[in-house]
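Chains here go by letter, A, B, C, D, E, F, G and H, matching the order in which they are written, and residues are numbered from 1 within each.
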Amino acid sequence: MLTRGHVVIDTEACKGCDLCIDACPPKVLVMTTHTVNARGYRYPLLAPGCTGCKACSQICPDFVFQVYKLAVPVDVSLDELSETGESR
Amino acid sequence: MLTRGHVVIDTEACKGCDLCIDACPPKVLVMTTHTVNARGYRYPLLAPGCTGCKACSQICPDFVFQVYKLAVPVDVSLDELSETGESR
Amino acid sequence: MTSQLMEGSGAIAEAMIAAGCRFFAGYPMTPFTEVLEHMAKRLPVVGGACVNAESELEAIGMAWGAAATGTRAATGSTGQGLSLMQESIAEAAMAHLPLVILNMARAQGDYFQATRGGGHGDYRTPVLAPMDVAEATQLAQLAFHIADTWRNPVVFFGDYYLAHTYQSVDIQPIDFGPVPAKDWALDGSSSGSGRAKLVSPLGDTKQRDNVGYDLSDYYMRAAAKTTAMIEGLDRLVDIGHCDDADLVVVAFGTAGKYVRYAVDQLRAEGHRVGYVRPISLFPFPDAALRDAATGAKLVAVYENNQGQMIDDVRLSLEGAVPVRFIGGLSLDSSGFGIAPDFDVEVLRRRIDAVLTDLGGTP
Amino acid sequence: MTSQLMEGSGAIAEAMIAAGCRFFAGYPMTPFTEVLEHMAKRLPVVGGACVNAESELEAIGMAWGAAATGTRAATGSTGQGLSLMQESIAEAAMAHLPLVILNMARAQGDYFQATRGGGHGDYRTPVLAPMDVAEATQLAQLAFHIADTWRNPVVFFGDYYLAHTYQSVDIQPIDFGPVPAKDWALDGSSSGSGRAKLVSPLGDTKQRDNVGYDLSDYYMRAAAKTTAMIEGLDRLVDIGHCDDADLVVVAFGTAGKYVRYAVDQLRAEGHRVGYVRPISLFPFPDAALRDAATGAKLVAVYENNQGQMIDDVRLSLEGAVPVRFIGGLSLDSSGFGIAPDFDVEVLRRRIDAVLTDLGGTP
Amino acid sequence: MPSSGTERELLLTGIGGQGVQLAAQLVARAAVIDHREVMLFGSYGGMMRGGNTDATVVVAEGPILAPPTVPFAWASIVMHHDYWSFVKERLRPGSLLLVNTTVFRGEIPRDGLHVFDIPATDIAVDAGNIMTASVVMVGALSALTGLVSLDALLEAVPQSLPPYRTKHIELNQAALRAGFGSVARDALPAWDGARC
Amino acid sequence: MPSSGTERELLLTGIGGQGVQLAAQLVARAAVIDHREVMLFGSYGGMMRGGNTDATVVVAEGPILAPPTVPFAWASIVMHHDYWSFVKERLRPGSLLLVNTTVFRGEIPRDGLHVFDIPATDIAVDAGNIMTASVVMVGALSALTGLVSLDALLEAVPQSLPPYRTKHIELNQAALRAGFGSVARDALPAWDGARC
Amino acid sequence: MSGLRVKRVEGLRVLSTREAPADARLVDDFTPSLIDVGAHHLCPGCGEPIAMRSVLEIIEELGVINRAIGIFGIGCYTGFSNNLDCEVLQALHGRAPSLATGVKRAKPDTVVFTIQGDGDMVNEGLQEVIHTAARGERVTCIMLNNGVFGETGGHITATTVLGQRTKNTLEGRDGREHGYPIRLSNMLADLEGVAFVGRCAVNSAGNVARTRKMIQRAFEAQLNDEGFSFVEILTMCPTGWFIETQEAPEYLTDKLAATHTLGVVKDIAAR
Amino acid sequence: MSGLRVKRVEGLRVLSTREAPADARLVDDFTPSLIDVGAHHLCPGCGEPIAMRSVLEIIEELGVINRAIGIFGIGCYTGFSNNLDCEVLQALHGRAPSLATGVKRAKPDTVVFTIQGDGDMVNEGLQEVIHTAARGERVTCIMLNNGVFGETGGHITATTVLGQRTKNTLEGRDGREHGYPIRLSNMLADLEGVAFVGRCAVNSAGNVARTRKMIQRAFEAQLNDEGFSFVEILTMCPTGWFIETQEAPEYLTDKLAATHTLGVVKDIAAR
């Protein structure tokens, strides 16, 4: 997946509303299914392919996202990566 | 003047606003010029030619008029009449 | 009917319906909201009408209109909403409209507003303040009876606890006796009769020979009617343990329930303390209070505000017994609940402190 | 400046302008209307703004907004209009807004509303009631000083006579001393600074670490401020002939001027009668009244209503001296003027009757 | 306790169209010009013509203690017999009473009062305008008592008329002079000494 | 002065999602079915999940004198360690304390209290739904004290659920029975005699 | 035989108007039968009594007299409410539509109308009438629009046209400073729930006739359960306009009606 | 070099979102700089914070921060006013436009905006905003329209669409019984004195972008002294709509926006 952006997620601030999930154009955000934060809410995880488009941060009612544009786009394929791997 | 209607005027109720004067289609109402009622207002007088159209009573803010239709139209010319004269 | 578990607001609504209330209008505001919800659900079922008014000003206007037709009508609100209604309450009194107004107050700071009339002029409204849901179901009905008897708005002074406490209640219509026939009520039928009716804060008779209203005459008659109402109304009060009390504690509404409870306990422990709980805040049970306090060394006033009813206590006693304030504003942070101070222990400590000052019985 | 003949309402307007009032909003209602007309004409000339508000609710909202910027602002009305403003007055007090509110009352029936606060909750507003145009031009200025000193709405309690009496007055700005700096006032400049200001009835500090408002803390602080204000304010009163008086007559506002005049005459004729004229109705000059009445056999209260200030008189005296009501509602039929009873002769007769009861000096 | 100097109460009564309110304004403004304290309270019967209209003016040497409506008057100007009963009960022995004899119908009690019969409406017509009858009376009052000076009254005229009535200035000044000339001077001085 | 019979105060506390308010409702409605007087006052921390939630229930044989929030409780159900301090200070010597041991972390003072350790959340999971833990507790309370009867509780379930939750009726009834069966019967009877 | 007698007044020979000719038929009496007393305190040339007359005549003509209730606002017309032989419920300034709602909901068989001024309806009580209209209440609201607070002596209202001089807009209403007039009829017409809206005037006999038609249609909408109905009647206020009574009809046409244009604004039956 | 680290959560291998890659450029921070504290008590999925974010971002972008004053109504959003680094004047329920008028008239150099709910603006304070708009006050009013009183728990407002179930219209809003929704933007657009009116929504990223454009234009109208400006923002209220948070954006489009249609309603500059 060509990944041009990245987001930092303040998972403790999330209220699990799912708005970001639908808003993300490349659909790279996925909701946890079993894990919840301290207040009991599920929260989003990021799969590769973020474009840094800010859709998630603009629609999140709880200001959970920080959005970055990568200096250089990278092609991240999760399967290829080690658990602690740096992208190529 | 062919006269088809007549009005009774409660001159004491009049507040001298002149609205009836302009409203009367055949212009048969004329305002007194020197005479006033007990509250000091001028009031309308009726010349021959009334049609009984009710314009005066409908516009008078002080309910001064009673309007009648004559059973038979009469041709009243003031000049021909004696001071106490009956019409024809 | 057997006992049912009902939330206070629902119980008040049902009691109003039992009293024959067939029109209600209101605008949501905690803790008044649930009364409105209940009326919106129930009134159409019993052949009445409930309008979700767009504001408190409009709500009381609608209730005014309905009341003018002789329909038992009510409205209400809380704090800000009640303040907005003051113009209408004052003038509805001048127009002799029987109207019940619920003040589901957030604290007890609206005492002056209710008892002195927050509006302009010399009107007064009877004020009833129940201590709990059971009493509320009776006073809500009495309010309509008083309103119809005196053709005057009546204020029902509740609070958050009253609205949100569930209690087992058995609501039955109470017969308070007959009320005057509503021959003044409008339905259009007197129009064109030569004696068309008039309901107005400016006068109550058409001036057939004259022009305009004779305000001064009408206002004087209204004032006389108010005076008669004040004299004619029962002054309701709940008094306990006062006969040989050194200390009499005065409190109303929910606070009164807490005080009663604390005083009962203190009595059981041998302290010479009694309580007086005014139920009708206006007219105030001044003579009863004075009687009850005779012989006491001190009268303590507990209210959940900065000191308002204390004026009526002092006016009742006129120096005969010293008066001390042991209440105070106390709010929980949500702004909805009343008071962390609504705690029997806090109260006991305050009363104990006064008792100690007085020489510490037992 | 030399003396000028001015109508009371114009004089009040000019005095407000002299006090630095630069914003006014109002809705016509006799006898408040002429103040509005005068402000509409004059404020733009002195660099201020006057808005012909579309209702009283909007008028006080506008004044609230202007006051929040630190501008000296005022509004006002009469009777019904004042009642409509009660929500805003109550909450403006909670928001600590210095705001002057003119109640150009039609009679004296708004005493309770002004002194107890017709709105909800535990706020209080200082109330100033001049007896004539000359005093009004001073009190209108003092009102702004008090409002700024205590960051609280202040009620100026006038009436029809005050509004419509012409008098020769010489309006000069009065220096009442410094007022606290308005570092709380809004102008947008603190936005984005990390310490943006907040003016609200819900709180006065942004909760940087926390979420939402801490209402209970804020309300307790507001209550404490109100208490400090009540203790800190001068209690203004005009007392005459009381030293050896058997009878003390209490009256306020225009009624007070009539009573003063009648008492002066009676004194001149040898009667042992004095008067007390509260100028600040809230806080009430209780100690001064009690002092003045000490030694008297009776205190008589004259007010143009069914008996309201009499409560404060009785609370001041607490039974030390008997109190009798000699006032009463009295309206002329237009509803504008105050009272046929505002007549020195009527008053003299009432006072004479009391004196006769007391044993008839001289 | 402020103790004021002499207070002189003047009552004016008449019906609409006689200029009573303007006359009262003239007296009040003239008093200011004369460096006296003054108070004026007027009332009139609203919109309809022919209603009553009256005014109370108090002129004093110090701060005024009298309330807006006074129990007794030192002087009065009565333009019309309607509504004069209100004035009558407020006159004291020794009070001054100026009556517009052109219009007044009825009995005037003369015992104990200083009554002056003045054909004010006639004088006004002669002076140019029937509407200035009350102003004529004020001119006469000035001559009789010096309550306010003629000069001050003349100066007060432009101040008392609205901008669109400036053409009436001379008319009213003429009426003042005519009234002033129609009676004896200083018959009953309002003030001790002669400050004006 | 009404003098009431015995009043039994029950406090319930927990966090959102544990069914505390429903449990309180069940007790209150069951008390009515048992022909007792009852009062219930609940409060919960608004919109956000995980906030505290508590309730006061008073069951009595006559009219209730106790105010909505009581100074001391005869019994308490503690579902979670957060917010339990509020309950702690209201327990008297001899008070009954039911603790949800599955979740509770911390010390429980046992001196002078009748403490019952009940793994309510575990029992609830076994009975079919983790959300019914508080209901389990109420079943246990019924068995231990007879404050309200099991039959009444079972009958109260449908009354206490909103229409769109009728599918939960059996689940909650199962939880009541599971709780009831998890403890000894009549360990500390609430009432003298046995009206129910 | 008609018996018209001549007399001389001010040098003119005119007909005697003290009494009716013997054989004539009365076609319009001094006041409609629902007016008890014609005399009132309103100014000479005021348009409000003219409008009120039309309302009462229509009520009579529709035969709904004995179920009619009029709810009055506060303005110059208020004093006149006392003269009517029609049940009157007096409202506070601005609040009449809510009272009308309460009356109609409590007694759906009544015929309910309000009489309010422009100050009452477009200033103090603007939201009352809008909400009532949006609710589609089966009531008829009638606004007497003279573009000023007549009662207080001629002050600006929310309908005052640009340029008009009032007591508190001495240099004339200036849009930038005092805002722009609200055309209430147009605003209400856009609301669902509203069946009929018309704007008319009483400054000429023809306009009075059109006014009567609109009032009639408005009441019919109520009687037919079509929804909320509204008639705005432009009325002369020579006092508040600071002009002579004779000039008022023309002033109305030239000024008021230039902004508040006459005509039916909405009629759902006409669709 | 971008340093994206992988971790395993719930069996998925996803990117670590605890920190930013070393060489990446921040393009959107958690909150705009005019929000001090992001945390708030509003419900999950509430649209109001999204709208508020947009407003504050535009104020920042326009460079008028240090003359901006926000005037808040009473609704769910009120608690959030405390989180802003923008001067806030708190109004009573419904009264914000009058306060805004007072502020702007007293200090014409400020940039004044209100934040109000539909209950605040179309119920309690309907006439405040209409009068303020008609006066052409140089202020910007922003309505967060979710079609319910969120704060009180989901009751009918004057904008609630037909058929919607609320706590006091249990069978859904019925026009005959509960009246018809008021489309405030359309009503305001007809007033002279109004420079800009737009209706937008925050239920998708695209709509948020359009919302920002309208807010920007509205403030520009104020800054250019063009007149009154108004933005109505449709916001999700899953709690008051009694639906799941995920369903809310679609519900907004299908229900709210079907009556309150999106788009620029008036722009005098576009003429």
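The rule we apply is simple: a contact is a pair of C-beta atoms (placed from the backbone, for glycine too) under 8 Å apart; a residue touches a chain by one contact, two chains touch by 3 or more.
In UniProt terms the chains read A, B, C, D, E, F, G, H = Unannotated protein.
Model, not experiment: these values are computed from the prediction.
Chains that count as touching both chain C and chain G, per the definition above, are D, H.
When the partners of chain D are compared with those of chain H, the chains appearing in both lists are C, G.
The greater number of contacting C-beta pairs, out of the two interfaces D-G and D-E, is seen for D-E.
Per-chain CA centroids place chain F at a distance of 66 Å from chain G. As a whole-number value, the distance joining the C-alpha centres of chain B and chain C reads 62 Å. In this assembly, the C-alpha centroid of chain B lies 91 Å from the C-alpha centroid of chain F.
One finds 29 Å separating the Cα centroids of chain C and chain D.
Multi-chain contact residues of chain F, defined as those touching 2 or more other chains: 46, 48.
Shared interface positions of chain D, defined as residues touching 2 or more other chains, are 54-55, 80, 87, 91, 213, 334. In chain A, the residues that reach two or more other chains under the touch definition are 15, 41. Interface residues of chain A, counted against chain H in their complex, comprise 3, 5-11, 13, 15-19, 21-23, 25, 30, 32-35, 41, 45-48, 50, 52-55, 57-72, 74, 76, 78-79, 81-87.
Residues of chain C touching chain D in their complex: 79-80, 82-84, 86-87, 90-91, 105, 107, 109-110, 112-113, 116-122, 213-217, 219-220, 223, 226-227, 305-306, 308, 311, 314-315, 318-320, 328-335, 340.
Chain H contributes residues 123, 125-127, 130-131, 134-137, 158, 175-176, 178-183, 186-187, 190-193 to its touches with chain G in the complex.
Residues of chain E touching chain D in their complex: 1, 25, 28-29, 31-32, 35-43, 46, 63-71. Residues 33-34, 36-37, 39-41, 59-60, 65-69, 71, 78-79, 81-92, 95, 97-107, 109-111, 127-128, 131 of chain G are the ones touching chain C in the complex.
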